[in-house]
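One structure coming up, written as C-alpha cells, with questions to follow.
Naming follows writing order (A, B, C, D, E, F, G and H), and every chain is counted from residue 1.
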Amino acid sequence: MSFTYNRLDKDDVALLMVDHQAGLLSLARDFSADEFKNNVLALAEIAKFFDIPTILTTSFEDGPNGPMVPELKEMFPEAPYLAHPGQINAWDNEDFVAAVKATGKKQLLIAGVVTEVCVAFPALSALEEGYEVFVVTDASGTFNQTTRDAAWDRMSQAGAQLTSWFGVGCELHRDWRNDIEGFGGLLAGHLPAYANLMQSYSQQSQG
Amino acid sequence: MSFTYNRLDKDDVALLMVDHQAGLLSLARDFSADEFKNNVLALAEIAKFFDIPTILTTSFEDGPNGPMVPELKEMFPEAPYLAHPGQINAWDNEDFVAAVKATGKKQLLIAGVVTEVCVAFPALSALEEGYEVFVVTDASGTFNQTTRDAAWDRMSQAGAQLTSWFGVGCELHRDWRNDIEGFGGLLAGHLPAYANLMQSYSQQSQG
Amino acid sequence: MSFTYNRLDKDDVALLMVDHQAGLLSLARDFSADEFKNNVLALAEIAKFFDIPTILTTSFEDGPNGPMVPELKEMFPEAPYLAHPGQINAWDNEDFVAAVKATGKKQLLIAGVVTEVCVAFPALSALEEGYEVFVVTDASGTFNQTTRDAAWDRMSQAGAQLTSWFGVGCELHRDWRNDIEGFGGLLAGHLPAYANLMQSYSQQSQG
Amino acid sequence: MSFTYNRLDKDDVALLMVDHQAGLLSLARDFSADEFKNNVLALAEIAKFFDIPTILTTSFEDGPNGPMVPELKEMFPEAPYLAHPGQINAWDNEDFVAAVKATGKKQLLIAGVVTEVCVAFPALSALEEGYEVFVVTDASGTFNQTTRDAAWDRMSQAGAQLTSWFGVGCELHRDWRNDIEGFGGLLAGHLPAYANLMQSYSQQSQG
Amino acid sequence: MSFTYNRLDKDDVALLMVDHQAGLLSLARDFSADEFKNNVLALAEIAKFFDIPTILTTSFEDGPNGPMVPELKEMFPEAPYLAHPGQINAWDNEDFVAAVKATGKKQLLIAGVVTEVCVAFPALSALEEGYEVFVVTDASGTFNQTTRDAAWDRMSQAGAQLTSWFGVGCELHRDWRNDIEGFGGLLAGHLPAYANLMQSYSQQSQG
Amino acid sequence: MSFTYNRLDKDDVALLMVDHQAGLLSLARDFSADEFKNNVLALAEIAKFFDIPTILTTSFEDGPNGPMVPELKEMFPEAPYLAHPGQINAWDNEDFVAAVKATGKKQLLIAGVVTEVCVAFPALSALEEGYEVFVVTDASGTFNQTTRDAAWDRMSQAGAQLTSWFGVGCELHRDWRNDIEGFGGLLAGHLPAYANLMQSYSQQSQG
Amino acid sequence: MSFTYNRLDKDDVALLMVDHQAGLLSLARDFSADEFKNNVLALAEIAKFFDIPTILTTSFEDGPNGPMVPELKEMFPEAPYLAHPGQINAWDNEDFVAAVKATGKKQLLIAGVVTEVCVAFPALSALEEGYEVFVVTDASGTFNQTTRDAAWDRMSQAGAQLTSWFGVGCELHRDWRNDIEGFGGLLAGHLPAYANLMQSYSQQSQG
Amino acid sequence: MSFTYNRLDKDDVALLMVDHQAGLLSLARDFSADEFKNNVLALAEIAKFFDIPTILTTSFEDGPNGPMVPELKEMFPEAPYLAHPGQINAWDNEDFVAAVKATGKKQLLIAGVVTEVCVAFPALSALEEGYEVFVVTDASGTFNQTTRDAAWDRMSQAGAQLTSWFGVGCELHRDWRNDIEGFGGLLAGHLPAYANLMQSYSQQSQG
C-alpha cells in the first residue's frame, strides 16, 4: 500500500480559526485554560509568521458565545472575518466557503471550539471536497477527553491528519536557516521550556 | 482516497436506546453517575426535539438488570418498547430488527449499556446490513476505560462513526435559525457551562 | 487528647453560599461542570429541606462575574441576599457578618467559588470568631486540584472540618424515620446511582 | 511532643462492618468493583483469622440499599447482626453501642459504605467516647476521591488513624512465626501479586 | 466499503493463553493485580463454560518467569500444555501451531503477558495465516499504558479485533435462554457489581 | 482550641523568590511548563502591584542551573539579588537573612524550585525564627507530585500556610474598590478564563 | 483483506536516533525523566547487541538544543554521526538519506525528540520511499500526551507500525536460545521488575 | 506555637533500609519499577556519600520475599545485615534495635517495602522511643496510592517528617562547596534531567 507524504506547504495552505470566542472557550475543558490560550495564540502567530491566508469565523458573537478572542482579531486585521449567521457547520455558510476557495490553497489547517462540532463538521466537509485537512488538535478544545477522542477518531478515519501547533510550525518552516531568529523567538514565546534552554545558552555564551 | 460526508440527517435517522436499565447503569463506571445520567437524557431529548424515531429495548427487566430508566420511558410513550427475551445482541431479536426496518431510515444512532456488548453487537450487525452507524459514545457506558477503548476500536475499524450527544444535536440541527430558543434551551439544560453563559448574557441584556 | 464530636445540628447551623455566580463558575475546573452544578443545587436543597437559615452573597454581579445562579435565588426567595460591594472576604462586609450573627447559630456551612478565596477567607475569619466551620468541599470549586489541596490544608489546619453535601445531609437528618420519603427523594434527585437502586426496588415491589 | 504507639492488639480490638450492602456497594466508585470486594472480604477474613469480635450492621436491608453482602454474613454466623432501624449514624442505635461495649475492647476497626457517613459518623462518635479508632480505608468506599479525601481529613484531625486491610493484618499478626501457613495463605488469597511470588518460590523448591 | 460481521462462534473458536506465568505477571502493570487476576480467570472460565479448545503455553517455566498460574492449569487438565523451549513468538514453535491447527477452528482468542510480545507476535502470525484474531485486551497485560496502546494500534491496523472477556462471553453465549443460571453465575463470580444486583434482586424475590 | 487569622498584610509581608533559574525550571514537572511560567510571573506581578519588598536569590547561576528567569530580573531591577555561593538552604546565607531582616516584615511569601529543598528549607528556618510563612504552592515546582505532597506535609506540620498566587493576590488586595482596573487587569493577564469573562462582558456593555 | 507479517529482521533493519540531545530532552514530558532515559538507552543497547546499523543525528548541537546524550555517542563510536545543519526533517538532509541508503536495509526503527516532528517527519518521508517504518514509541518523547496521541495517529494511518523497545528487542531476538545470558542481561539491566525475578530465582537456585 | 527546625545532621543520623527484597519489590506499584529502583539506589548512594551508618534488614529472604536487592548489599558490605526471623515490625527484633542504638544517632531515615507495614511500624516505634524520624517517601513503595496516602497520614500525625531522597541529600550536604564534584555527580547519576543540564553546560564551556 503506497503512501504519499504531502507535506504542509506554506505556499499552499490556509488556516481556518473557527469560533474561538470568549464564551465558548469556557466550554473547553480538555486543556487547562492557560495551555489552551497559549496554544491558540501560538497557532495564530505561526500563520502570521508564514503569511498564511487566515479566515476567522464566529457564531452569534452578540449572544452568550461572546466575542472572538481579541488577540486573534488584532493579529489578523485584514483577514476575512465571517460571522456565520446560524449555520453550525461553518462550511454551510456560502461566504465562508467562498473565502476558503478565494485563497486558492488546497491544504487546510483547522482549529476551533468545540472539537466535535466546529472543527469536525467543516473538516469532514472539506475532505469531501478534496482538500487535504490538518486538524490542529491542541488549538482545538472540547468538553472532556471522551468526546475529544471520539471526534479525533471520526476525522482520522475520514482522512484528516491530526497534528499540533508545534508540528505545524516545524513542517512549514522546513529549515531553520530560513530564519533562525524569527522562528526561534516564536517558539520561545510559547514554549517556556524552550525559552529556558535559550536563556541558559545565551548567558553562557556571553559569560 | 475519496471521502463522502454523509451527515446525520434528521429525516433519515433512527435512535436505538439499548438496555439503559436501572440495574445495568450501576455497571457503567467510565463516567461519573451524574455525567452519565445527564448524557443519556440529553440524547433522548435531542431525539424528541427532532422527532426522530426511537426504539427502546431492554433485557430481563424483571430480573436484576432492573427497569428501563423511567425518564426514558416517559419521554417516548409511543415508541416501540421491546424486551428482547434472551438474545444478548438486540439485533438477534426479529421484532427489534423489524422495528428498525419499519422506520425506513438508513442512519442509526446507537447508545447503550454496556458498550462492548449492548452497543457493539447491534452496531456491527447493522453495519453488516449496510446501515450508517453512529455510536453515541458518551451516552454509552461500560466497566472501565480499557474495555471502552477496545470496543471503540472494534466498531471504528468496522466503519462505525464515533460521536457524542452534543455532536449529534449539532449535526442534526444544522442551523441555529431553525429554532434558536428551543435548541439553546435544550443545550442549556444539559450543559451547565453553557447555561452559565446564557445567564450572564441574559442579565446583562436586561441590565 | 480528648475529642468532642460537635455534630452538625439542624437547629444550630447556618449556610453561607458565597459567589456562586454564572461567570465565576466557569473558573471552577476541579469538577466537571455537570457534577459541580449538581453538587451546588443538592446542598441548597438540603438547606431548604431542613429549613436552615441561608445567606447568599455575590460580588460584582453586574460585571464579568455574572449573576448568582438563578436556581439558588429562586430556592431562597426570602434569604438575605447580599452583594458585597468590593470586599473580597465576605466577612469584611459588615452587613454579611450582621446577617450571620442574626441567625444566632454557632455552626456554619460554607461553600463558594473559588475555594482558596471566597471559601477560605470567610472560613478563617469565622473560625477566629469562634464559629464551628464546616467546608462543603464538593459544592466549592476552584482552578485546579493543586490550589484546592493547598486551600483545604490551610483551612483544616486552622480547625475547619471538611465535608461534602451528602455528608452534610446525612449528619443533619440523623434518622431516616424523621422523613423517609422526603429525604430519599432529595438524595435520589441528585444521586443517579441511588435513584437507580430505588427504581429497581420499586419496580420489583410492584411486580 | 511525646508519642505513644498503641498498636493494634488482637486481644483488645473489635471490628465494625457498617452497611456493606449489595445496593450501597454500587455507590462506591473510588475503587474498582473488583478491588473493593476483594478488600472487604480480606478484612473480614482477617477478623476471622484473629478471632476478633465483629459487629455487622445494616440500614434498610429490605429497601433499595439491599442485603448485607452474603459472604460477610456467612463468615460471621454468630456475630451481632444489627439492623439500625433509621439512625444514619450507627452509633445512635443503642443496640449497636451496647454490642460494641459488650466486646469490652477499647480499639475499634471501622469500615463501611459510604466513607463520609457510615464510617465517619460512628468513628467520630467512638473517638468522643475515648475509643482508639482505626479506619480501614480500603475496605470503605464512597462516591469519588474528593469526598473521600474530605472524610479522611476530618477523621484524621479528630484523632482517628488511617490504615488498610493489609496493615491491619500485619499489625495484628506481629510475628510470622505465630502461623506462617495460615497468615501466608490469607495474604495470598487476596494479594494476587503475593500469590505469584509464592507459586514461583514453591515450584522452584520442588524443582 | 462493505463490512461482514463474523461473530465469535463457540463452535469455531479456540483460545490461546500465552505465558500467564507467576513471574511474568509481576511485569503487567497496566491493571491492578486484583483486576488482572480476575480478568484472566474469567476468560478461562468462559472457555470452560463453552467447551472451547484451549491451548496453554509457557516459556522457561523453570527459570525466573515462573510456573503457569496454577488455577489455569487446574481448569484445563487435558488441554495441550506446551512449553515453547526458546521461541519468543509462540507461533514459531511448531508444536504450538500444530496444536492450533488440530483444533480445526478458524477464530482465535488470544491473551497473554506481555501484550506487545506474547500476544502481538502470535496475533500477527495468525492473521497472516488467515485466522480471525480476537485479542482479549483485559486478560493481557504489559509494562504500562503507553506500550499497550502502541501494541493495540499495531494489531488493530493488521486486522485483529480488540475485545474483552465480558464481550467474549456475551458474543459466544448469544442468547441468555441457552443457560441463564450458568452464565449468570459465571458473570457474578467475576463481576462483583453484577453480583450485587443479583443479591439485591434475589433477596427481594424471597422477601 | 482558639485560632487567630493573621491575614496577609501588604504592609507587613516580603516575598522570597528562590532559585527560579532557567536550568532548574526544567526539573519542575508537577506543572506543565506553560502553567508554571504563568504562575511564577503572576506572583511576581502581584508583588510589584502591591509594592512588596522582594528578594531574588540564585544558586550557581554560572553553572548548569542557569540564569534567573530574565522576566523576574527585569521586574525587580532594584531588589536585592543574592547569589548564595554554595549554601543549599538560602537561609544559611547571612546576606540573605540580612536582606530579609532589612525588610522589617514579619510575614514571608516563599516560592522556589525545587519545593522540598529551595522552598522547604528556608521555610522551616524562617518558621523557627518566628516568621509567619506562606508557601506559594503553584509558583513552586518539583520533580513529581509525590515529592511535592511530602514537602507540603512537612511544611504544613511545622506551621507554614499553603496558598496560591491567586489566593495571595486576593488576600493582599482585600477590597476591589482599592483599584478595580489595576487588579482586574493583573488577574486577566494570568487567568485566561477570567479574561474571557471580561471580554464577553466588555463587548456586551459596548454593544 | 490479507495481511503479511513482515517481522523485524536483524539482518534487514537500521536504527535512526534523531535529536536525543541534552537540551531537547527537557521538552519531553510524556514520560518521567527516569523512564525516558532508561528507554532510550535500552533501545541503543538492543541495536548494539544485534549489531544493527545505527545512525545518530542532531540539530544545532552547539546551540540551546545541547549535545547528543553522551552515552549514545559512546555506544556507537563508529556510527554515522550527522549534524543536520538546519533541516528540521532529518530526511531533508542528503547526507542523512545517503547514510540510511548505505545501510542497504529496508526496515527502519525510528526514535527521537520530539515525536510529532523529529520522529514523524522522517517516518512519513521514509514510508513514502517504501521503507517499512517501526516507531519506537517509548524511546520517543514530546510535550504531552495529547500531541503524542495525534502524532501516533498520523503515523499509524500512513502505515507506520508502533512498537516499544522491549517489543523491538524480542522481535529481533526471536529465540532465547540464540543467547540466553546476553539477552537476559540486557533486559534485566533496563527492567528492574525483571531483574527482581532473576535475582529471586538465582538465589533460590543456589540456596 | 513555636517550632524548632532540627535539620538532618550527617553526624547524627542513621539509615534503615527495611525489606527492599527482590520479591517484595514486585508489590510496590505506586511508582513505576524504573523510578522506584532509581530512588532506592539514590538513597543508598547518599548514605554512602555521607558515610551514614546504615542498617539493612530483611524478612524471610529464603522464601518468596526473595533476596535483598543485590546492589544494596554490595554498597554496604560492612553494614549490619539483619534478617528479622519472623517479626513483622523490624523494631520487634532485639538485634535490630540494638544495631540502631549502637549507632548512637538520634535521627533516623527510614525507607522500605511496603510503606504501611515495613516503614510505618518501625517509624511509629522509633517515634515512641524519642527518635526523630524522617520517612524517605520515594524510596518506600506499596500496593497503590490509597494505602500510601493512609500510611503517610498516620505517620505524619504521629510526628514523623515526610521527605524524599533528593531532599535528604540536600539537607545533609548543606553547602555545595563541601564537595561540588562529588555531590553533583551523585545527583546527575540519578536525575537524568539534571544530567542533561550538566552536559549542555559542560559542552558549551568547552566549545
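One rule holds in what follows: contacts are C-beta pairs under 8 Å (C-beta built on N, C-alpha and C of every residue); 3 or more make two chains touch, one makes a residue touch a chain.
Bear in mind that the values here come from a model prediction, so they are computed numbers and not experimental data.
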{"item": "For chain B and chain C, chains touching each", "value": "A, D, E, F"}
{"item": "Chain at maximum distance from chain G, centres defined as averaged CA atoms", "value": "C"}
{"item": "Pair in C-F, B-C or D-E that repeats C-D, with over half of contact pairs matching by residue number", "value": "C-F"}
{"item": "Between chain G and chain A, distance of the C-alpha-averaged centres to the nearest whole Å", "value": "30"}
{"item": "Euclidean distance of C-alpha centroids - chain B vs chain H, Å", "value": "53"}
{"item": "Whole-Å separation of chain centres (CA-atom averages), chain F against chain G", "value": "41"}
{"item": "Distance from chain G to chain D - Cα centre to Cα centre, in angstrom", "value": "49"}
{"item": "Two or more partner chains touched - positions in chain D", "value": "23, 26, 29, 32-33, 64, 66, 143, 191, 193, 196-197, 200-201, 204"}
{"item": "Pairwise chain contacts, counting only pairs that touch as defined", "value": "A-B, A-C, A-F, A-G, A-H, B-C, B-D, B-E, B-F, C-D, C-E, C-F, D-E, D-G, D-H, E-G, E-H, F-G, F-H, G-H"}
{"item": "List of chain D residues in touch with chain B within their complex", "value": "26, 29, 32-33, 143-144"}
{"item": "Chain A - residues contacting chain H, complex", "value": "197, 200-201, 204-205"}
{"item": "Touching residues on chain A, where the partner in the complex is chain F", "value": "22-23, 25-26, 32-38, 61-62, 64, 66-67, 69-70, 191-193, 195-197, 199-200, 203-204, 207"}
{"item": "Chain E residues touching chain G - in the complex, by the definition given at the top", "value": "23, 26-27, 29, 59-60, 63-66, 85-89, 92, 114, 116-117, 120-121, 124-125, 127-128, 130, 143, 146-147, 149-151, 153-154, 157-159"}
{"item": "Chain H contact footprint on chain D (complex, rising order)", "value": "1-5, 7, 30-31, 135, 137-138, 152, 156, 161-164, 166-167, 170-171, 173-178, 180, 191, 193-194, 196-198, 200-202"}
